[in-house]
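Below, chain A partners chain B and then partners chain C, in two separate complexes.
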Partner chain A sequence: MANIRLVDLRHSYAAAPRDDGDYALKRMTIDWADGGAYALLGPSGCGKTTLLNIISGLVTPSEGKVLFDERDVTALSPEQRNIAQVFQFPVIYDTMTVYDNLAFPLRNRGVAEGAIDTRVREIAAMLDLDAMLPKRASGLPADGKQKISLGRGLVRSDVNVIMFDEPLTVIDPHLKWVLRSKLKELHQQVGATMIYVTHDQTEALTFADQVVVMHDGAVVQIGTPIDLFERPQHTFVGHFIGSPGMNLLPCTIENGMAHFDGIAIETRARPKVPAGASKFEIGVRPEFVRFADEGIPVRIAKVSDAGRFHIVESRHGDTAINLLVAEGTALPADTAHIRLDPAHTQVYADGWAVT
Partner chain B sequence: MSRKTHNQRAWFFVLPVVALVAFNAIVPLMTVVNFSVQETFGDNMFFWEGVTWFQQTLASERFHASLLRQLLFTGIILAIEIPLGVAIALAMPRRGPWVSVCLVLMALPLLIPWNVVGAIWNIFALPEIGFLGNLLNGMGFNYNYTQQPLAAWFTVVLMDVWHWTSLVVLLAYAGLIAIPDAYYQAAKIDGARFWAVFRYIELPKMKRVLTIAVLLRFMDSFMIYTEPFVLTGGGPGNATTFLSIDLVKIALGQFDLGPAAAMSLIYFLIILLLSWIFYTLMMRNEEQ
Partner chain C sequence: MLSVFCRIAFQGSEASVGTMSIELKSVAKRVGNETHIHETDLTLNEGGFNILLGTTLAGKTTLMQIMAGLERPTEGRVFFNGKDVTGVSVQKRNVSMVYQQFINYPAMTVYENIASPLRVGRVPAPQIRDRVHRIAEILKLAPMLDRRPSQLSGGQQQRTALARALVKDADLVLLDEPLANLDYKLREELREELPRLFADRHCTVVYATTEPTEALLLGGHTATLHAGRVTQFGETAKVYRRPTDLRTAQVFSDPPINTAPLRKDRGQFILTGDVRWPAEGRYAALPDGSYTLGIRPHHITPAAPAQNAAEIDGRVLISEISGSETTVHFEVEESTWVSLSHGVHPFRVGERARLFIDTGHCFLFDREDRLVAA
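Up next, the complex of A and B:
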């Protein structure tokens, strides 16, 4: 167990990076609290696997330091760092039984057979693998194999952090949910720090206490699922999390008020305009847009049924504004007015939230 | 339930294959079978002999000796080429510009015709003028493969290793580069050392290609003819007379077609049997 600190980290796969674009990871400093459940969320190619591999020691960063409990481990191998990692595709040792697979990391470290046996059985029970122990690992289904991968990390009682690199990719949909709850349960049981990489917001939001959202090699926001939903710090977070994502309305700032197409919009806080900003947007989630008697005039383009909600797509000129309307609400016909909930309306300058 | 169709016309589509197989396998094989049960004195005069030639061959000390030499030779080259090939494949780079250099170097011996390989080694190992022979003698070894059975064996084995280890290397290398990086990363995290990585990841993942390599090398070496024939001609004495060399001596040297035919069939069945045993042993547990 350890508190993990990444200090001034930066990484490029190019031999001689010239500008920011050459860096797969932009400069960042992050703290991962001991025992936390973190998700690393972002689209493919945003650098989340690179970040994960830097923490595990499979990749050495071009710049910056990795500290485990203030001890510099930047130059140490994955084995020396004492971490565990579960990969996207299950990695098992085909020729071994499930038991031997679980015992493998302990045997490599020279643990006595008696202690290995106790520990392997304990972990197998935790993962519901007891009945499988004498079977050959190659015969198990994908979710069983992924449990073995996870089990090999858990058998070592002193792991600093367990990392998951999109571990549910090859799992059948109906088992994903089961395995995810199992992970959550294990986190509470063993209390190890867990970092879970995914591009699936549902996985991230259900697993993690803290979600780290990455975009284009940079961390755009770290927060609880509620923070990310209610207070996106970047338009990317607003857009990436939530379904449908946040509405973004181009706006101008006049007399300290945001104006959308000449209409003054009340926001959570009076925006303080940063110097040099060129692009302003109003962000509001579809959940916080209501039909009203007056406000922004819109034309209704499409209504789709999403179960307990209707997703209403409306347009003001060229700007699309989505609304989530509870089932059973009477929908206005062709044209209507909408109002944005000021408590959940935020101004963004060049993508970043303005407070 | 589908109704069974009775339409024999499908047989016409199979006919070309039947004809082809008949002409390239069954007909030649049947002539051999024909010779193996008869005695001929030329002029198309045949006398029925039944299983006499088979009994004679199986009881013949000469056949036993060449079979033993053959098994020994195949055993030695498999014991050298398979581990050596795997070791070289492990040592080869997996990425970068040196990959193609290594692959081309490895492929070179495979491109040389067999009789040329024999001729190259014949000259290369000559005690007086050959580089290898001269070198060994210069180092104080009394080496002359044209006269000493041990030296002849050493040279034949070395030649085969030089010629065919590359095949094992290329197959093993193909198996190695097909292993995803995640396996190595997981092994690193699990604290596996070099030997454990080889034993539990690389070797199991190479199993299929190695089965092919063993089978190919077994069959080829068991049928080896050209290279030792050009190098030593089966000598000195009968020291390097392997099965196929012996067979040719009986069939074309002595023109004993009956015994030669019987020996061919026994030879063929031995190869078939041993290949089956190898395959079954190596593929055990595969179907779980």
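Up next, the complex of A and C:
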């Protein structure tokens, strides 16, 4: 296992990039600690696959270095980097048994059969594949095949990093739970550095200790799931994580305090307004908005029943403000007042948190 | 013979003036020795979404293909607005279908893709232009009409497929997991838009999904499917809150509903030796005996509810924190339970955990897995 450092990395697919817009990856420096569970989260086209391919060696960055334990591997091929990868769709040999599929990466490396047997059985036990070992892989359902793919990724104990590229895409929701839990458990047992690429916030937040959020080729925040939820550093993080995402209310700053449509709003801290900032917004998640006797007057536009909670869409003028309300709570009919929890209300200047 | 024919024709024209509907009467589908769809009676009407909820291979797609006329049922009849269409091919039914994979003509522009069903239907050119532009406006495709599908994002490609399905006034629109291949946020956006798109249309909409939350948020009516059987059909929120049987409760729960054997004995429910609670209120009248308890994960929490709580101790297997919610998988005497609670509650794997069952929110099922109390 290794500590992975990306130093002053930048990448463009254009032959002669001129400005920032030509870069699929903007300049970044990231440290991935040995044994950490990381997620790389962002929408399609945000650059996460480019970043993954740079770590695995499929893409050579235009600028910067990739270091595995301080060793420069930037020029090395994927094979020379000693990594394991699990892809979106199962990559297995249909004609082989489950056992031979799991043993394959070890046999390839010339590991002794005795040691292979021990390891294959260990991994099979972790993934509940014990009973399947003598069976042909072709007969298994999609989730069974993807489990073999996961097993093949995990079977070698000498890899620097295991990378998962949207590994649960083909899995039904009720089985996703099982496999996601399994993966988390495996991380604790195996202790390998794992990088999990996904556009799915639930998968990222439940798998990773640290989540790297990407937007437009740049890293906008690296943090624990709680950081990303409670203190989004950028409006994109607030929007992308959480369902529905963070509410954004246009505001002005007067006497060091945020005002929404003339109403003073108490925030987490006094905003530190950077010089030259032009656009100010108040950000608060639907989880931290409540109905109250006084506060911002709103009318109720729509209520959606999501089972354990209701999503209430309220409006003040043209501004939509969502609330999440627990199942069984009485809801106002037409008009109401709402209050934002100050501890979870932030001010953003040109997209970046300033409280 | 003639009179029968006239009657059917009359029914058909009468129904088309009224509301749109699709009706399956004793429909079954067998392939060789396998039964893909067991005998099914189901009537879906216009107005709101009709959701088919079930896991992969539950029979959602087969059912839709029978509705579309792409597959012929081995038994039973299919009625369209009251008219028997069982043997009628898909071309002769006025149906639109959208699939999970974005299916567009790669060599055509977005405009031509959207216009294609109208050209097939020989709609006059000026009308085609109007209708394509109108639907493109609604689906935010207006700036992309000259592009080819390969130059679009996944979300835009699926919008194009949706536009093609919407541009002709189909009697029946079948949406087979249309959002499954989209990014999380795009899915949220389109899920919001979809019901609005169909709000003022005169057609029956059927929507297949594997996701309980998606079904709830789309509202309308839901048919839960399991292993080729419709287990329940009704208003979505009612099916969720009052599943008539254990299978429906399982299909309509994500994370999975907790189930365990439960005994009622002289006014008490007994889960295990020391987890017991009084059978009160609507549970009081149940006869003594054996039941299956069903309890949704969000009704097992680390903090005791204000009333009706039974403490349950277990060993933590997995703990997941999503930022706003905590999920704990824990083990009690060999059986696994899941708790989902609001807020952040740190649990360490392997430690003993105290959790509380909200005994006011229990589903109880009898020996035949039928709901007897909720």
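Of note:
The rule is short, and it goes like this: the second predicted complex is superposed on the first by the 348 of 355 C-alpha atoms of A that agree within 3 Å, B and C clash if a C-alpha of one lies under 4 Å from a C-alpha of the other, contacts with A are read in each partner's own complex, and residues count from 1 in each chain.
Following the convention adopted for this analysis, contacts are C-beta pairs under 8 Å (C-beta built on N, C-alpha and C of every residue); 3 or more make two chains touch, one makes a residue touch a chain.
Predicted, not measured: the structure shown is a model, and the values here were computed from it.
Per the definitions stated earlier, placing chain B and chain C onto a shared chain A by superposition produces no clash, and the two fit side by side. Looking at the shared chain after the overlay, A:255 reaches neither chain B nor chain C.
Touch criterion not met for A:278: it reaches neither chain B nor chain C.
Touch criterion met: A:89 reaches chain B, while chain C stays clear of it. In the superposition on chain A, A:104 makes contact with chain B only, while chain C stays out of contact range. Shared-chain residue A:230: touches chain C; no touch with chain B.
When the shared chain is aligned, chain C comes close enough to touch A:307, but chain B does not.
In the superposition on chain A, contact is made by A:184 with chain C only, not with chain B.
Within the superposed three-chain arrangement, the count of touched residues of chain A is higher for C, of the candidates chain B and chain C. Judged by the touch definition given at the top, the superposed model places A:242 against chain C, while chain B stays out of reach.
Seen from the CA centre of chain A, the centres of chain B and chain C span an angle of about 70°, rounded to a multiple of 10. With chain A used as the common frame, the shortest Cα distance separating chain B from chain C works out to 6 Å.
Contacts from chain B toward chain A in the complex involve residues 180, 182-183, 185-186, 188-193, 196, 200-201, 204-205, 285, 288.
Residues of chain A touching chain C in their complex: 43-45, 142, 172-174, 177, 180-181, 184-185, 188, 199-202, 205-206, 225-226, 228-230, 239-245, 285, 287, 304-308, 311, 326-327. Chain A meets chain B in the complex at residues 56, 58, 77-79, 83-85, 87-89, 91, 93-96, 104-105, 108-109, 136, 138-139, 149, 152-153. Contact residues of chain C toward chain A in the complex are 55-56, 153-154, 183-186, 188, 210-213, 216-217, 219, 236-237, 240, 254-256, 296, 298, 317-318, 320-324, 327, 329, 340, 342, 344, 349.
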